[in-house]
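Submitted below is the structure of interest, expressed as structure tokens.
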Amino acid sequence: MSIPFTTQIINLLASILLLIAFAMLSQRRILSLIKLFAWQGLALSASTFVVAYSTAQHHLYYSAALTLLLKVLILPWLLHRLIHKLNVKWDVETLINIPTTMLVGIVLVIFAFNLAAPISQLSESITRGLIGIALASVLLSLLMMITRRKAVPQVVGFLAMENGLFFAATSATHGMPLVVELGIALDVLVGTFIFGIFFFQLRETFDSLDITHMEKLKDD
Amino acid sequence: MDAVGILPLDVLGGVILLWLVLGLFGLVLQNTPHLISSIIFPLGAIAALVVAGTGLWALGAAPSIAVLPLGLPDLPLHLRLDPLAAFFLILLGGASFGVSLFSAGYFRSMAGGMLALLCLEYHLFLASMALILVADDAYMFMVAWESMALSSYFLVTTDHAIPDIRKAGFLYLLVAHVGAISILLCFGVMQGGHGIGAYTFAAMREAHLSPFWSSIAFLLALFGFGAKAGVLPLHVWLPEAYPAAPSPVAALLSGVLLKTAIYGILRITFDLLATQLWWWGVLALALGLITAVFGVMFAAVQGDMKRLLAYSSIENAGLLLVGIGLTVIFHVYGKDALAALSLTAALYHCLNHAFFKSLLFIGTGSILHATGERNMGRLGGLIRKMPWAAALMLVGVLSISGLPPFNGFVSEWLLLQAFLLSPGLPNSYINMLIPVAAAVIALAAALAAYVMVKFYGIIFLGQHREKALEQAHDAGIWERIGLTWLAIVCVVLGLAPVFVVQHLDQVTRMLLGHGLGNAAAGWLFLAPVDIERASYSPVIFLSAVLGVMLMTALGVHRFYHGRLRRGPAWNCGFPVQNARMQDTAEGFGQPIRRIFEPFFRIESELPSAFDTHPRYHGRSDDRIWFALYLPIKSLTEKLSSRASLLQHGRIHLYLTYTFATLVVLLAFV
Amino acid sequence: MTNNASQTLGILFQLCQSLLVVALAPLLTGWVNQCRAWLQNRSGAGLLQPYRTLRKLFHKDAVLAYNASPLFRITPYILFGCMWLAAAIIPIIAIDLPFSPAADVIALVGVFALARVFISLAAMDIGTAFGSLGARREMLVSFLAEPALLMVFFTSSLISHSTQLPHIVGTFAHHEFVLYPSLAFAGLAFVIVLLAENARIPVDNPSTHLELTMIHEAMILEYSARHLALVEWASNLKLLAYISIGIALFVPYGIAEVGNWGVLPLAIAALLVKLALAGAGLALLEALLAKMRIFRAPEFLGTAFLLAVLGLLIHFLLGA
Amino acid sequence: MIDLQLLALLLTPLLGGGLLAVFGSRRWAAELNSLMSGFTFLASVALTMRVVEQGPQVAFNEQFFIDPFNVFLVALTAFVAFTTSLFSRPYMRVEQHHGKLSTPMLHLYYSMYQLFTFTMLLALTTNNMGIIWVAMEAATLTTVLLVSLYRTPASLEAAWKYFILCGVGIALALFGTILLYFAAERVLGQGGTALLWTHLNQVKTDLEPTVLKLAFVFLLVGYGTKIGLVPLHSWLPDAHAEGPTPVSAVLSGLLLNIALCAVMRSKVLVDGSLGNHFAGNLMMGFGLLSVVVAALFLSRQKDIKRMFAYSSIEHMGLITFAFGMGGAVATFAGMLHMTVHSLVKSAIFFAVGHAVQKSGTQQMEHIRGMLQISPTVGWGLALGTFAILGMPPFGVFASEFLIITTAMHSYPWSTPILLAALGIAFAAIFGKIQPIVFGETTARRLPHPPALIPVFVHLLLALILGLYMPPYLAGWYRQAAALLG
């Protein structure tokens, strides 16, 4: 059978999402990291929109709009402002060098796909296999959080992870109940604000956002 | 009596409640300590006497059962008073009667608040021990058991300002807790059926375990209760805790608490477990022998009188375990008469030890009061300063040394008889092993006499080793009463074995379905198996010796004269002699240390012949502590230092843990 | 004859044996010393010397150290009582005397232990260096000798299925003669114990007052007059008791039985002969052996202990 | 009717949060805080009565669901939150008096405290697996600023770790929830009902096993981070040690329970779908690991609050192990242990808080002789410690008794591990607390008298639970056990 056009688009967007995840993993500059994050959000909302259109679920339109608003506009803007305020425009230092990270990333993707394979067999809906991509991008973001040394990239990684999850929520399974999505969105928003507060507190206590300063609490 | 509808259990419950109330009342009287010591403790003593009476009553009566509406859902607290429990209640009541009376005098000088707390803990301790004996389900038992441990811990750490005492308390409670967990596991093995209701002893009796699982249960019980009884290698806490505790408490710890452990082993081995295996007996026997010899050996080299008694308690615990092991062997091989004999010996020894050890411990209490000195090396000649204590403790010393016609000898005699009658067991190895075991027992008994001569001689005889002892005063009136009671019971137990054995038969019948009885008609001769085989009559013995003594004394004075002069000691003509020329405690123990050198971890510095200020320093430690406990400690520390590498402080690492956990789980589901 | 008649006779016997032993004991000691004197080419003080000593001591005024306690004064009587009892209940002339069931072998060991503990305590009472030294050594020797003695008894009672001396003796005396290899070991052990317990060479030397060697003498240094007399007499009795135990266990033949009182004189005669031989043997041993260092004593007694246990095991192995 | 009661229960803390957000800096803010918590407690009592009378209830077209399992947690949560607010009144005053806290900080504290209560109650009462997630995340968000209340570097670090780790964990839980939904919608169809636990519970046998397996892994790792299961526990000791004591009390006393409750909800579904012991085995594994590792950690602690945080990990591990074993007795024991652990542990934290304030440090070698300076604090600490160590007749012993015996009966291989771990833990905690309670002291008196009623009330309740369990409480436990299987 020929795959319907919408599905092709969704798959395309999904692969873009994954690609961006990789790009973030490899990105050294913090500003472009945030840009990438914004693009990822865009792809996300677009795919949500398409899913909404193809499955004619109205609440998905809301969540698409919500995503656009939150992930593409507000959060990147907030992060930009933070970075300007704290002027931390340095390059991102990684704990493990980029190529290794990429390799690990590839392995993760394979792992995720294999893991999701049986599940995608079950799904007869238009969006089979998206779970795998979502899982992959979640794991990649987690990897990125692990490998970054500064606070901001870690947060970006965290948000990217949210993106992956959101993608799973909307595209893979045609949208969670609206209440849930609203709640999730709210949490993400508040979370980002709190992150912001933290940045300032960290800044004023450690006068840098380098997390490696925060290794005092341990059992020795 | 039953016509009235009152069961022994009801009386007992009343007494236990009374104890708790008394304890709380002590808190109220915080500001009038003299009232606590002169009213509460005597009342508690009377209650204890009632407990003993109840036990005596219940020994003959049918088991009485009660269920309290407390405890877990589906598992209300079950109480059951059967002959076994009754016997140990007699022991508890009788011993604690004396100890409580003694305490009334002993704690006189204590500060109000402290005394109030101590009073509470003391009576809580007594009550929980009584509850252990009548508990009829695992939960009740464990609650009482751990309450006993906790209250006794607080009693041990009464003087918690002293770091050593805190350390002792720590060690005590730690070992107690580990033991308790293993007892818990033992109940877990034995539980019958499903649901929370499966933890009643009744259900456990029904649950027929496979030999493997009953062996597991037995081993766990042996471990758990052995830890309380001070069986090797779980004895280390005991010589620390007993000296740390105030003397009356030490008396209860050694006299009664140790017996609750024996009770537990008996209850589980013979009552709750349906079948026994022969090697259990062998194991118990071997452990008991090692413990006995070890204990007495270390007692011989101690310089602190309470430590010495503590080690002697270890020895006696060993002897009790030997008796139990022998019982198991005989029981398994169907020789019930012999099983009854050895069990009787063990129970009899329980009773004896409860009394003479309590007597000796509280005796050390009065010495402590009189002199403030625990180290025997600074005592001496007290028999002239405190004749009461000296006379009464002499009874205890003779009893514990197993000398006729006192009570210690009776149980020793019974035990040796049991050994002698052993041949004819199907297993030839055991046949060979048992006489050797008898030899070891004999050795331990003889060494015990050595230890006690040292104990009494160094403390009471000779010259004062310190000037301060001139001011020593004799025991107070309350203390005297307590000592006297215990001493009298020792003598009675020694002189009326027939009577005691007849009552013990109730217990052996319950546990083994076979009583010992008395082959010899009448009360005069104790003949456990057969008048032809063995018989013993302390009364005749005593009267003969006394008669001869009297005759000689009269004769000598009649035919010659009773003239007597006092003079300085001759001492083989040596002109100077002072108190420092006497043997010290170390000196008296030295031969033992020399003979059994490999068993000690000795460090000593001897002065050279030319020292201007010669000083001698020597201590002999327990090898087991260094060979077993310290390694365990260091192993734990090593492990935990390994573990602490996990908590490394780096958030990346933590994230990696999460990540790894996730990936691993995903990969393996 | 009627039952109670035999009982009265039994009591009569009991009395006569008691008197006999108490009268005989010093003589035995005298005899041993005499033999030793002969073996050492001395003329010796004569058989009756012990009696003379006792008489002299009883006449003297007792001198007591200032700080001697009642325990010190009462001990000699206890000692004497215990030893007399022990010597009186061992069946040496007739088998079942009324008192004999009162003390089986274990109780007998108990009696000795009681006496020992008291004398040791008394020795420590004055608080001289010698006293405590003696007490320590006494207890040291005994804590090895006592179990050995018990083991010896065990062997014989395992053979005769009883711990009652009369019964044991009966078994050995009246069944047809059997060789018991286990008893041989036991006998050897017993001799060692006897030497040790009665303050004999090589463990102790009754005839010196050297602090290096003495054990028993060190304990009784502070005693005088009647007290000393009783102590000495008691130790004579002890020697007698031990030897008669040996006789009862190993050569009981010729002992009288209840019922036929005719053989009683014969039995007494036999006893005297046995005692004389045993005494001579003891003297010979003492003459041959040399006093050993105090810390050799444990090894010596350890051997006894070992022999006794070995005898026991052999009994199990061979059933004899 | 039920709707109203539920509304009362949920809105009171929300309202309180709002009020305190406005009046938080007033002198009577603390009283207001306690007052609102008190009302919440009353509301919870009313709700409980009703559920006890009429059994499980649903409300707001099934968005909320109250059954015996969560109703006792609701009551417990409201109660402990109430007592904690009582305790925090003088405690925080003293902190302010010592200059550790400023009025704005207190302002934040009070409002957040109420919101935190709200989120917890929401997480408990909601019927929607999605909302559970939302509430858990919200709980993290509300507490993270409380942990960093002191603004010290250490507290910031702790809060940051708490935030990142729990955020990640929760995110993974969300993925699990999504998978759950993915499986559910194929049975229940699109829309709101597909995440309602009651519905899922009815169709659990039809849910796709492979998906649920994955879902459970994610949920366990996610919520397990909040429970503090080793090796996901890393945030817990830091957060407990550096946050204000009342926060530590509620964190380890309540939040952990609630996360566990969420895990149990999903376990029921997974068991139903898989029909094997998969979930149980996972939980037992995590439980044992937590118990052992926590015990090892315990023996090296120097900071008293940190030590008790590890003890919380240990006990949570024990509870998880019990729930993992399953069966009527073990589940019963697990819930009992939840209850007594929150009571006793919060009581201990109260006592510890006062002890720390008196001696001015959290380093244990400098806290000495509490009995001397203040017998009540000393005894509170001593009894609490003995209670938490499983000494009868406190309730902790009752549950440990059941857990250990059941383990011996059903999973004997696990008992040596438990024996060793419990022994080590006992030695560690007891050995460190003994000198703190006994001996000579250097501590000083305080301006405000300690609020020790909460301590002794908690201990008393734990004591009663050890000796006598009210029939209706037992009833809930039994029903809940039947519910959880």
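To keep things simple, chains are lettered A, B, C and D as they appear, and every chain counts its residues starting from 1.
Please note the rule applied: a contact is a pair of C-beta atoms (placed from the backbone, for glycine too) under 8 Å apart; a residue touches a chain by one contact, two chains touch by 3 or more.
Note that this is a predicted model, so its numbers are computed, not measured.
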Any chain that touches subunit B and subunit A: D
Separation of subunit A from subunit C, taking each centre as the mean of its C-alpha atoms, in whole Å: 101
Centre-to-centre distance between subunit D and subunit B (centres being mean Cα positions), rounded to whole Å: 44
Whole-Å separation of chain centres (CA-atom averages), subunit A against subunit D: 31
Inter-centroid spacing, subunit C versus subunit B (mean Cα positions, whole Å): 36
Junction residues of subunit D, two or more chains touched: 160-161, 164, 168, 172, 214, 237, 297, 300
Where subunit A touches two or more other chains, by residue: 115, 142, 145, 211, 214-217, 219
For subunit C, residues contacting two or more additional chains: none
Which chain pairs touch, all of them: A-B, A-D, B-C, B-D
Complex interface listing, subunit A residues touching subunit B: 95, 111, 115, 139, 142-143, 145-147, 149, 211-212, 214-220
Complex contact set, residues of subunit A against subunit D: 57, 115, 118-119, 122-123, 131, 134-135, 138, 142, 145, 151, 154, 158, 161-162, 165, 168-169, 172-174, 176-180, 183-184, 186-187, 190-191, 194-195, 197-198, 201-202, 205-206, 211, 214-217, 219
Complex contact set, residues of subunit D against subunit B: 160-161, 164-165, 168-169, 172, 213-214, 217-218, 220-221, 225, 231-232, 234-235, 237, 278, 282, 293, 296-300, 328-329, 332, 386, 389, 391-393, 397-398, 401-402, 404-409, 412, 415, 419, 422-424, 426-427, 430-431, 434-435, 438-440, 466-469, 471, 474, 477-478
Subunit A contact footprint on subunit B (complex, rising order): 644, 646-652, 655-656, 658-659, 663, 666-667
Partner subunit D, residues of subunit B touching it in the complex: 69-73, 138-139, 142-143, 146-147, 149-150, 157, 160-161, 163, 166, 169-170, 173-174, 177-178, 181-182, 184-185, 187-189, 191, 194-196, 199, 636-637, 639-644, 646-647, 651, 653-655, 657-658, 660-662, 665-666, 669
